[in-house]
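Chains: A, B, C, D, E, F, G and H, in written order; residue numbering restarts at 1 for each.
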Amino acid sequence: MDEKFLKNILESVQSNALSIDDAITKLRYLPFEDLGFVTIDHHRSLRQGFAECIWGKEKTAEQILTIIKRMMDKEHPIIVTRVDQEKAEYIIKTIPTMHYHNVPKMLTFVPQEIKIAGKGVIMVISAGTSDIPVAEEAVITARMMGNRVETLYDVGVAGMHRLVNQLGKLDQARVFIVVAGMEGALPSVVGGLVSKPVIAVPTSIGYGANFGGIAALLGMLNSCASGVTVVNIDNGFGAGFVASLINRL
Amino acid sequence: MDEKFLKNILESVQSNALSIDDAITKLRYLPFEDLGFVTIDHHRSLRQGFAECIWGKEKTAEQILTIIKRMMDKEHPIIVTRVDQEKAEYIIKTIPTMHYHNVPKMLTFVPQEIKIAGKGVIMVISAGTSDIPVAEEAVITARMMGNRVETLYDVGVAGMHRLVNQLGKLDQARVFIVVAGMEGALPSVVGGLVSKPVIAVPTSIGYGANFGGIAALLGMLNSCASGVTVVNIDNGFGAGFVASLINRL
Amino acid sequence: MDEKFLKNILESVQSNALSIDDAITKLRYLPFEDLGFVTIDHHRSLRQGFAECIWGKEKTAEQILTIIKRMMDKEHPIIVTRVDQEKAEYIIKTIPTMHYHNVPKMLTFVPQEIKIAGKGVIMVISAGTSDIPVAEEAVITARMMGNRVETLYDVGVAGMHRLVNQLGKLDQARVFIVVAGMEGALPSVVGGLVSKPVIAVPTSIGYGANFGGIAALLGMLNSCASGVTVVNIDNGFGAGFVASLINRL
Amino acid sequence: MDEKFLKNILESVQSNALSIDDAITKLRYLPFEDLGFVTIDHHRSLRQGFAECIWGKEKTAEQILTIIKRMMDKEHPIIVTRVDQEKAEYIIKTIPTMHYHNVPKMLTFVPQEIKIAGKGVIMVISAGTSDIPVAEEAVITARMMGNRVETLYDVGVAGMHRLVNQLGKLDQARVFIVVAGMEGALPSVVGGLVSKPVIAVPTSIGYGANFGGIAALLGMLNSCASGVTVVNIDNGFGAGFVASLINRL
Amino acid sequence: MDEKFLKNILESVQSNALSIDDAITKLRYLPFEDLGFVTIDHHRSLRQGFAECIWGKEKTAEQILTIIKRMMDKEHPIIVTRVDQEKAEYIIKTIPTMHYHNVPKMLTFVPQEIKIAGKGVIMVISAGTSDIPVAEEAVITARMMGNRVETLYDVGVAGMHRLVNQLGKLDQARVFIVVAGMEGALPSVVGGLVSKPVIAVPTSIGYGANFGGIAALLGMLNSCASGVTVVNIDNGFGAGFVASLINRL
Amino acid sequence: MDEKFLKNILESVQSNALSIDDAITKLRYLPFEDLGFVTIDHHRSLRQGFAECIWGKEKTAEQILTIIKRMMDKEHPIIVTRVDQEKAEYIIKTIPTMHYHNVPKMLTFVPQEIKIAGKGVIMVISAGTSDIPVAEEAVITARMMGNRVETLYDVGVAGMHRLVNQLGKLDQARVFIVVAGMEGALPSVVGGLVSKPVIAVPTSIGYGANFGGIAALLGMLNSCASGVTVVNIDNGFGAGFVASLINRL
Amino acid sequence: MDEKFLKNILESVQSNALSIDDAITKLRYLPFEDLGFVTIDHHRSLRQGFAECIWGKEKTAEQILTIIKRMMDKEHPIIVTRVDQEKAEYIIKTIPTMHYHNVPKMLTFVPQEIKIAGKGVIMVISAGTSDIPVAEEAVITARMMGNRVETLYDVGVAGMHRLVNQLGKLDQARVFIVVAGMEGALPSVVGGLVSKPVIAVPTSIGYGANFGGIAALLGMLNSCASGVTVVNIDNGFGAGFVASLINRL
Amino acid sequence: MDEKFLKNILESVQSNALSIDDAITKLRYLPFEDLGFVTIDHHRSLRQGFAECIWGKEKTAEQILTIIKRMMDKEHPIIVTRVDQEKAEYIIKTIPTMHYHNVPKMLTFVPQEIKIAGKGVIMVISAGTSDIPVAEEAVITARMMGNRVETLYDVGVAGMHRLVNQLGKLDQARVFIVVAGMEGALPSVVGGLVSKPVIAVPTSIGYGANFGGIAALLGMLNSCASGVTVVNIDNGFGAGFVASLINRL
């Protein structure tokens, strides 16, 4: 049901060509999906203050380019995740205002200065050097979503003292993202030190019985610290996104 | 938005107290979920020719009883699955018109003779004696949904000749439900013999590397016969239900 | 036992050289596999109205070519699945009347206009852009089997409103194929909206704890909607095939 | 090193019995763990505004009782999770001021009216009737932590319209806890409708290829909605706890 | 097609009422499954020199009794596996000539002295005391199938010298059944010492990462000794059966 | 202890330089591993009538060449498994008398005509075209071990009639090797038709929920036919080897 | 070959009835397993300074009793693991000198004061209260093997400060056994703090995605601390045993 | 808190500018992490007699080079694991004093002769030729840590006699590292022969149901020999490291 159709009904009511009861009946049996302009979408649009996000992995450079172009009309920042160097270069050739972050393999577009919408600092902590690409995916995502982000890298459990030495810093953050591979114990440790929500990101870093991140994932799901929730393996983007949702509260 | 509210708007339009454009605006920003009477439900009700179904497993006899009573007002047949003997007896004491099927552990209520809605015969085939409870769950479900059902039990792959000897019978069915545990090969064999849809039901029957039906489930998902689809382990009810959907076409 | 041998027996009976009882005995102890011309095959041939199908994945271009040539004598349409671009080009060089579909990586041969054998519309729905290759495999398969097919792509669960807006369209289909990766929830949603059989196809799209499609597969097997059956991961062909079987009923 | 020991050093410095350099040396070589009152604990104590929590499952009634008694000296509320009826009755006989919640099998002790510390409403949504015990564990936990909690039960994916009809209600919450078994798709749907953090709790409800909640867990980890994080299977307590951390922000 | 129908055809041929060609055509298009008396069964009957076997686990005492009675008409020995004490006593009360083996929980019936059909000795070796019930299931099965059986128990890998001390004995056997739980290494060791077929039976004995026999199963499938084949976890019966097939050669 | 040392002891005994008791004591405390010439090896050598086998997969062409050369001194046939084309060509350049089988990727060396040591025919059956490389590995192995081998390819379960038509042929074999991927049901079917040992070889052929051969492996381990034992996924060599052991009996 | 036979040979040599070469030949072809008194066993007996160990789980009280009685002749201490209360009482009734430890469910027998054989202290650390039974199994085992043992319980990762506060104590131990369930992170933390071997024992404590200890096991195998090795889930005995082996060095 | 700050406090106490109670308060509320000079690090430094270790796998040659250079200032030996040939050559071009071990793919730097710190011999045993790279990783690691190492390669379970023949050699070692793929049974066998700690290293060598080393891992975790502990799949470095810790005791 487009607007015109609704107008017709209302005009008929106004002109008494249609009784109110008949108008209600007519509306009642319209499948709501045809109401069109009264959809769930305006709820979703609330979220559109956020950057637009494109999952780049299975898409060709050409496909990504097409989507970006369509999105650029709106004034939103744009994030493309999991874009390898080659695709990125192809896209930047056409849209030189995009920026490539080669550690987390992300492309971003910032039409105007990003307004800080998050109320506090999001602290991104990672266990090992190899976890940094995933951590950086979270960092870039959170920054694009309008947050101040600080990082604390290379503070794995076996070097716990490095973390303990930063307790003061920890106290200043509002949300934590903790990125770890191998046994995935770092979120438990952080969760035991802070009283803020901790979003744990297992990474696929490791070998053997790590099973591509399953060991870390299970470690985090079974965390003995109560403030820990978990996202998918290597899902730095998801962690950055949900941390942004929390930091806006 | 209840009906009264909609009426108010329409009356305001009728009395020219509200311009048509303003009325549209008002309606536009009403979240559609408040329209209430224009829901998805009338789509769903199409399906309500079907029997009402209650999953009995985690419910107490008392809880089941309450739900049944509420449902009995409608004239629909009622199916309760996974009800053990003791619960069943408790319920029948109160509603003696219910019938307990002790092999598939189901309770049924048939308010009036079930009309045959399925256009052909649903053939339920099972591999071993131990698979019969699951097969019977499918049988009862399909019958309660208004289908003629025939059965062919104990025709496992290792005794393939028994199946081959029934080829004539197979030709007369319109939909097949094939129930098997252990290696779950029977649906492949049936799918190789007939040109009708085959719904495969893995059962948890077996031991050791059967892993509670996983071996059978994987066997069926990897069937080399193309007409086979699969439902969850021991899900006789689901198979009977979807076979009924197909048989009504 | 070839025909000649049977003829001998019958001639001996005719000429009274063999008593009827002895003839029966002779036939009785012949292993039936030697009867040859009285095989299961004439049952299978019923299905041969269907297109011939070749699984291309592990075969060389040369092997596929050989099989196609042998099949082309019959007047059937031919489908080859999982053929990469290079193999396809090699084959088309020899048989230019074949057509390559590069999204689902299929080769098809249509000797004459395909007769519509399916009685209604098969609706193929996919969750994400990346699921389209699998969805298209189902589409092409179903079309080659003589069905009218409609598609509804990119209506994943997180964008449920897009699906809800198409409810009217959903009502017009007779069989559904729902293709989804990640959490595989779309078939449950569709199954809750329609009263027709839903064939769920999990795809290997996703990463991390998706485990190459297992998450989607388990999601579908555990669907809380009763009309859903499942085929193997990425098995668009199987879904198209079984939907065709159902749509002919 | 207790306070007295430190006092001694300082007094010796004050009285010049100990040189400053020697005092530093003394302090330097004390392993810091003996400083006692300068531990991490004062960080943790921030969190102690929260209720005290006891994991009851593997403990005997006697052990739980001992721990509760020790805790009652502080004025904190107390939560005991996973306590069966029998243990609960044993404990209540001794401490009649404790209250048993038999659906989520929790014992609580509320020394004085709980102050509302959470800034908004925590909405707990569950898919099926059988998921309610886990949902209620989250509810009680969040309430004991000082939050206003609302619930929306039995709005599973296959009955999506029930959820859609409550969109208005959804808009009023600040944090969501979504509890679901079977295919675990509900958090994705909620995450697609709201722009607030969603904590997904998989339950072990289901059978067959559900694998005690793994299907739901994987479904949630692979959610296509970005605002979703996950806790362990059946971990209503953890969800309530982390939702409380978020709601205090 | 029953015999009468075939007789009719033959009589019509004999009386020249039916031409030979027409008779052939008639027979040709009869689905062979109706020939009845020319089935696969006479192939199977070759195997019927073997004892009749009943899988007792999911059957009630009453059901087992019924099957035994029907089988006793033939003169075959009868084996019932996985019968608990209680069921066994119920059955023996009615058929006192049956014998219960309480270690492997089997019931046997020996109508007349079992003829030795196996040409050599079957050696059953087990690793630990706890593996003996499965080993005994193999022993009884092989004896009932007409084999001489010897046993070598408690010779696990960690006590390898006990096995090495029996090398002479090993040389005298024709087929080996090696039963082991835990890491399942014993079949590899035996396979390295002998040049006869080794049938490995993993048992569910162990705990923790044994996963109910999976560790042992995988160990055996990956055996570095080439003469080893594997049966299902705890499948002593299957091992005894296939060893009997081999020993008859 | 080498021979000389033993000689010394014996000479001292002979010359009365050493009492018999002291000699016994001396021998008693010699660790037996030093006896050297009285090792297990002479037991193993019994098996050396068999071809020498080299696992080629992780070895370089150079390493394989070295091992072959050392082995060629003995007059045994030599088998090298899992050798890709490139390595094979490198080796044949040096030893032109070796033969490469490119389907199963094996190299063989036959110094003189292989004597038939197996007493009957080994029948190798495979389900699909793609299973042939594994089947051929079994065939070549069994032939190199001195067996007559026959093959029956492409007789998968969905085309069961092709198998049924060959029942006569099946009766003539002494040992069966059945190779199948996907659902792995073929060994169950063969095991139901014959009364000889069946060695099942799961292959990694398939996709999706096949999990690289696990579906087939589980199917075979759970076979409802009792005469079936299983070897590792794709282990054609192992099947050929153990079939040879059986066929020599 | 028993001693007498060897004596015969030597006497024949002494009396020149047998030439030295013939004697060597005679000995050479005796399979060494018949040498009997020159077995591996004297190597093993070195280990017999250790307590005798009986795995009690699958054994009846009667069976355990029999084994204990046979062992009591030697003067060794005896350990029986996994004995439930009821069995223990039955055994103690007969052998009142045995002692039952009801936390780790062990029976021990100490014939005389255990000599301290371990050179340092074995420190057993556990994460949670529920891990104590497994920890105590390690403690009792190590004490029975002649070690001084200290314990540090309830110092889980989320309460890391409690561990940090005990650093001084940690420095005094020679071998560590760290017992933890849930995410199993404690061994990594301990391994990061100490420079001694750490034996990690995963426990089955936890729920949901803990999978009976797999999460903890994987966490430990993937430990980022290099000094950590792992034993089976709940294997306190094994940890105590290997720690004893190390502590004797 | 640096030393100066502490000095200030103490001076103020000495000069009575600060009361003792206020000084205590000041110290009390200093987060201990700022105490700096009283950190955990001095505990860790004990371990620094060991070589410095770099995990090379996910690092670029450039990154590794940077870390090495920084480390070379200290006089420690340096180990880099998992460095492929190409990276190694790049690094050696800059630092020609480094040495590349191409079998275990390790780079080492030895500033001065390594002092023997281990008290006995570490024996590294491997099952198959393909396990040697992992075994060599253990060997190089242990040597760099100051141990005498001996090796015993290619003594797999199926060729157990080769191991048995080396019993004398086994007696001379103090710690064992046993490396095995496939079924992983070798550590059990070694553990049954020796009374020293055995560190088992599963390798990913094998195929099919080996699952990249899981079969070997499970085999080792379920070892029936009590002196066996396990490290991660292919973790030769970890085994070498922990063996060094033990050998220093």
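We take it that contacts are C-beta pairs under 8 Å (C-beta built on N, C-alpha and C of every residue); 3 or more make two chains touch, one makes a residue touch a chain.
Owing to the predicted nature of the structure, the values given are computational and were not obtained by experimental measurement.
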Shared interface partners, meaning chains that touch chain B and chain H: A, D, E, F
Copies chain E and chain G touch via same or different residues, half shared test: different
Pair of chains joined by more contacts [C-beta pairs], B-F or B-E: B-F
Chain located farthest away, centre of chain A as origin (C-alpha): E
Whole-Å gap between the CA centroids of chain A and chain D: 25
Rounded Å distance, chain E centre to chain H centre (Cα mean): 50
Geometric centre distance via CA averages, chain G-chain F, whole Å: 38
Residue numbers of chain C (touch at least two other chains): 31-32, 39-40, 43-44, 160, 164, 167, 192-193, 208-210, 214, 217, 221-222, 226, 232-233
Every chain pair in contact, whichever chains are involved: A-B, A-C, A-D, A-G, A-H, B-C, B-D, B-E, B-F, C-D, C-E, C-F, D-G, D-H, E-F, E-G, E-H, F-G, F-H, G-H
List of chain G residues in touch with chain A within their complex: 127-128, 156-160, 164, 182-185, 188-189, 191-193, 206, 208-211, 214-216, 218-226
Touch list for chain G against partner chain F, complex: 3, 6-7, 10-11, 13-14, 16, 20, 23-24, 27-32, 35, 37-40, 42-43
Touching residues on chain G, where the partner in the complex is chain E: 31-34, 36, 39-41, 44, 55, 57-59, 63, 202, 204, 212-214, 217, 232-235
In the complex, chain H residues that touch chain G: 40, 43-44, 46-47, 50, 53, 119-120, 164, 167, 171, 174-175, 192-197, 199, 217, 221-222, 226-233, 237-239, 241-242, 245-247, 249
Touch list for chain A against partner chain H, complex: 129-130, 160-161, 164-168, 205, 207-210
